[in-house]
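In the two complexes below, chain A is the common chain; its partner is chain B in one and chain C in the other.
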Partner chain A sequence: MNEIPIILFTPLLAGVLAWLINVKGVRELIGVIGAATPLAFLAKLYPTIVNNPNNPITYQMTVSGFKVTFTLGMLNWYFAAIASLVGLAMAFGMVSTSKNGYDWLFALMSYTGVLGVFLSWDFVSFFLLWELMTFASFMMVLKRNRHESLKYFVLSVIGAYAMLLAIALIYAKTGALDFDSIRQALYMDAMLGSISKGETALIFVLFLTAFGVKAGAWPLHVWAPGAYSETDQSYTTFFSGALSKAGAYGFLLLYILMGAKLYYALGTFHGHLTFAYIIAWIGAITVVVASFLAVLQEDIRKLFAYSSVGQVGYILLAFGLGTGLGFAGGLFHVLSHAVFKGLFWLVTAAIILQTGKTQFKDFGGLAEKMPFTFAMGLIAVLSLAGIPPMAGFASKWLIYEAAISAHMPLVAGAIFLGSALAFAYVVRFLYAVWFGQRPSDLEDVKEAPLPLLIAMAILAIPNIVFGIAPGLVTNYLNKALGGEVVGGNYYKLVTQTGTYNALTVALLLVVGLAIAGLIYLYGAKARRIPVTNTYQSGNPVTEEFNLSIRRNFYLPLKEALAFWLRYSFDKFYERIAQLSEDFADTLREGFYNGNVQAYSWYLAIVLVILALWGVL
Partner chain B sequence: MIDWKLILETIGILIYATFMGFIFMGIERKAMARIQRRVGPPIYQPIIDTLKLLGKKESVSHGFIYDFGPVFALGASIAALLFIPIANFQLFSTNADLIVVAYLLEVPMLGIMLGAMSSGNPYSAVGVQRGLLTMVAMQLPYGLALIALIQHWGTFKLNDIVALQQAHGWSITVPALLLALIVFDIVFQAMLGLEPFDIIPAPAEISMGPMVEYGGKHAALLFTQHAVQLFAETAFFAVLFLGGASNLLELLIKQIAVLFISIFIASIYPRFTIDQAAKFFWKWPTIIGIIAVLLTM
Partner chain C sequence: MISVYYFGAIALVLIGLYGVLVKKNLMKILISLSIMETGVNLLLISVGYVSGKSAPILSEGIKWNQAVDPIPQALVLTAIVIGVATTAMALSAAILIYEKYGTLNVEEIRRLRG
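Up next is the complex of A and B:
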């Protein structure tokens, strides 16, 4: 008996208890304890993991005839620790935003699902927990919006059964279900070639669909904007911060299990692994498309949903580079995306909880009313926009270095464009929500409640700590990737071609701010004036004027992109769904037509077929 | 073990850069005036302007972020400057590479916008919107130019790029990098905020855009920030494409050469509208940039 089952199943148990007891105060306490337990145990196991990189902790059990294995190696620990950190923040956030046991049950159930996906080391448990994770997150969305939840569910089911098919194909060919044997078998097969090229490509495409859906990769991202927004926003912290990483982890698993086989079967393309090249381009397109769409949103939740899709695109892009540096950058971005996007969703949760509004047109001037939430939002903005020295910059820097060093210039160009777009949409968020004139109905808004603030602090601290000391992460990643991929010390990252000393950057920024601050202090004292005391072409302004631009902030961009915006995968899928519904109707009306003679004709036709076949 | 030499160098370069930045602004105004057959202000005019703004008896503020914006912008400009190797002074350039510097040069924009947005002025908001769209538009060709450069020299470190250029000839002598230079120079016009891409302040159109509400010491800070930024960006250009410099005089000549190209272009072109600018940047500079990148592969 070891800690793994405790780590895995405490959240689920806590969720069930919270649902059964469902007394205000008690269910929150149980939920938070359940969410904190995995993090505590993972922290306790950290020395064991780091000191025995080649001898991971494993736990086996037998479930209805299948022997399932859970492993806690370097890589699994990394993902699980991130998930549990975000999970803890989610639990604190839900104390404020969630009012019933239903939410706790399914939020914590998906927590178990995600941890299970990260710790599984065979396809039986992997698939079971993957489905648990999907189901629980579906139930969270279903409560708020049926249409969006069904869209998410149908796409997830397509993904899951694509995966099941791929697993079946692998099982048929290798006879193994646990990752170690599959890896070995496929490695051997890379030389022997008994699995044909076409079959390997089919398995690859099936896995790509399965993991692409969860990661929100283009063109399978359409569920994300709806599902991320139509749920409890504290839960979205986990949904987009940790659950979408299951997809990214899946892509990593693809390398671990079938890397060699795919390389031998599909070959190379201009010096890049073909299969990796495909992943990199999917990532690059996801980054660009989702970031453009994020810029044009008019709803705070939709904006962050598209942004989340775009940022996961960075991770796929980095993994697709296929170099050690690429993996290090991608894995670092898994962490930094989890902490900054989790923080963003908590800030959103606080805003929605306190104002009850989601559209940009209803907000304005909240920075004075919710200063702490604003400060947290600013940290998240700086981290997402990639301002040194934040965690978001360190990971993006690694991805830049990796992409250009791997000689994928056009992919790297997509990151440049994506990060400018990220700048544009976070500023949109800052402007519309926090600054400018305050609508009169927001006058009595209060600061977010304490549990939410604690949750924000849990995620804000890593943003700064891992930003100033990125070496903490890269040292671990070096061990996980088995080699000195990124050099340097705690504060300094060194690759073969570049350096980034986060501490020096931070210090010089402070020095610069100090100099600028001195100039500021030297000047005359500033007098505080209200927002309406402003330049309006020399005209007087009163409260009735709306001074802030709240709608269609980026209208020129929308017009410039009008041609591209006419094509939407969302509409395409809706059309297909409509078509298949119509087709089902036609079938039903055509065959079950209530005409007795028609049914006897079916019988006659079947008899004829049987006669021709020679049965009769 | 405090490195006094480095600290003295840093202070010296900061003073020099601020001073020369103001002189560059003066040169800009003087040259524009001569092109239009005017006498123009004396070359030290921006310094006088800034001192006057600092000497104002009162300034107004719209809140903490409104004050913090210009301070943050100047702070980030100073930080960016210190990571660029200035002639024979390496300063902190071994601690950060091209990507970091390129990012730091954009951070001041965020600072200015942060402050401008918190004023709640609609002209500021239009300026912020245009600023960000210009950035979105120019980032793709800008990125491609940098990628071409990095691919050719095989390193991200600015001082290595300078050293390699001194050994193998300037970047612009390489045909592929000459294309990158053209792209970079077009983008540079937007980075400096000169016509045809002075869409962000757009005087006479949206009353100085983000800067509309700023006066007094805030405006003085923004002037200083512009001076430092001008010096840093021209030095960055010289480092990337013109082989750096072995002393400050050589660097100065290169910086002024770069500046004059920009002034000449700026003084004969009218302003683009923002959608024209976006379409322009995504057409020719991007195409040339892609060709440059493919040639350096």
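Up next is the complex of A and C:
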């Protein structure tokens, strides 16, 4: 018995059942079991996968004349395991935040879609499940906000058509739809060159559009902030944590399928592969633009949405470096972004569930009220900002090393800038939400419900475990990439340019925290002071005075960037939409004018044209 | 050389078309439509004409191969009926329009309709 169909379709089945039964309690139970099953089976298959790296488990079936193949190799397993981990956390989170079967149906449907994208090994099932994933996530957004869902829909449709065109072109040229044959055919063609340069470039650009939309790469990222914030926040855990990785996986697929062909057709640029160079720069621009925009947001959900876009930019950038270390860093960041950003969205879900507020200006001093959620938020903040010993540090460190050793100083600079900005926005989240004076209407906020806390714990544990023992991941990645890319043992990472010992850092951190704790316990006693006990420019402040960083903290930055902020792709797309609408209106009013004689004229002119053409 | 029948029929169609395109009076447009229709019918009939043959009715002294093409005649018979029906309907519409707007000028009607 093959486990792949069970892994793939249990979530979908559970979603349908949860939607049909729709009884409180039963619905949640079915949903969680459905979400946990793929993870359980993937865990069970782990030894098989690791022991036979060159002999993946495959499953074939025939769907209306097409033979579709699903494969569970090293790389597929890695992505699928991340998706199912995040999927399980999402299911636990949704037990608390979602109260209807609709959400369960489409959340679990997109879960199946994402797993299908990661396990497919031919373009038929890849495209079908890609669309299933898009459709389900669109339905999730549609329920909350029509306008944002429309934006997501239009960009997804553009991506889908681009992908379909690219698949059609590949099929026309190679006659193959399964990845192994395509790979072989394109590898042979790299030498033969029967597919011209222009066609190869066209296929590349089409795939770039298709995967770029899903990954939220600049300039196709405009759907992401709205879609991520206007849906169930527990679902966003999956949306931003796993679904956006489908795009990143697509870029990887681009290397697997047509790397050699692209190299021979497009050549190199300053010693880098041209096509990889383009991907790297798209990633770098995404990182910088999205991070700047994230810093300026006043809405907690928008901030993390832009942050997600930026972090996926890191992954693209790392893949774009085209070196083994770049792939290792990018793949590691896929994992760490999934766990820390998933955690962030769950924390956001908890905050919004308990307070009903989303703006930074309404928050403050929640750390005392929701201590466990705060602890989880702190882990996420440390991991995102790249502070050791968290998973986020290890992956970012690998990406830095990769960018430096690939001799791309500007790209490396972009990620340094992105990291500094990431620190700026998470610090704001930390202080504005958890510390400082508490608004009076937040006095009776309670700790998040238990299922949501379990969900957070599911994602917080990998953050710490893979942070202290990054070797767990890099050893696996070494095997997946087929070489000793990152050296070291479980606690130590060794590359050509440096060494990072996570255990030492962790121990030092624990010692430091212990010292700080001792000082806190035995040092001078902490004294509580009211806000009015503070002076500002020699004047006592009033109760309403805002001493926190909650409102417009980065206003100076906003003013400094005002010139650049005028140029927004959001506005650009909206203007294009407006223009085409106006054009269609003019056309309609000009021609469809209700004058019978005008219509007679059109008819006569068409007849004359046809007659001149020789049709009549 | 274009047969005079074809020329005449097409000329009738073009005259009708001219009326439809240019005239502003609804009645004149309907008259033009009728003229166009006549032209079309004549054209159809002349397509089936075979020089020197008689009517396609099987009777004494006339064999099947001595008749003109019967198909366009059947076609035109249908077309005439359809033409009369559409003309009648258009005329009743014209009556209603005149009752409602008090004018038969198409531009005037369009302006009044808004």
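To be clear about the criterion, the second predicted complex is superposed on the first by the 551 of 616 C-alpha atoms of A that agree within 3 Å, B and C clash if a C-alpha of one lies under 4 Å from a C-alpha of the other, contacts with A are read in each partner's own complex, and residues count from 1 in each chain.
The rule is short, and it goes like this: contacts are C-beta pairs under 8 Å (C-beta built on N, C-alpha and C of every residue); 3 or more make two chains touch, one makes a residue touch a chain.
None of these values were measured; they are calculated from a predicted model.
By the document's definition of touching, of the two partners only chain B reaches A:427; chain C does not. In the superposition on chain A, A:406 makes contact with neither chain B nor chain C.
By the touch criterion defined above, A:595 lies against chain C but remains apart from chain B after alignment on the C-alpha atoms of chain A. In the superposed model, A:253 lies in contact with neither chain B nor chain C. In the superposition on chain A, A:243 contacts neither chain B nor chain C. Of the two partner chains placed around the shared chain by superposition, chain B is the only one that A:508 touches, whereas chain C remains out of contact.
In the superposition on chain A, A:604 makes contact with chain C only, while chain B stays out of contact range. Within the superposed three-chain arrangement, the count of touched residues of chain A is higher for B, of the candidates chain B and chain C. Overlap of the chain B and chain C interfaces on chain A: none, as no residue is touched by both.
Those residues of chain A that touch chain C in the complex are listed here as 594-597, 600-601, 604.
On the chain C side of its complex with chain A, the touching residues are 17, 20-22, 29, 106-107, 110, 113. Interface residues of chain A facing chain B in the complex, by the touch rule stated above, are 295, 365, 367-368, 385-388, 393, 397, 400-401, 404, 407, 409-410, 412-413, 415-417, 419-421, 423-424, 427, 430-431, 434-437, 492, 495, 497-501, 504-505, 508-517, 519-520, 522-529, 531, 533-537, 547-549, 553-554, 556-557, 559-560.
On chain B, the positions that touch chain A within their shared complex are 14, 54, 56-63, 65, 67, 70-79, 82-83, 92, 94-100, 103-104, 106-107, 110, 113-114, 117-123, 125-126, 128-130, 132-133, 135-136, 138-140, 142-144, 146-148, 150-151, 154-157, 207, 212-213, 216-217, 220-221, 224-225, 274-275, 278-279, 289-290, 293-294, 296-297.
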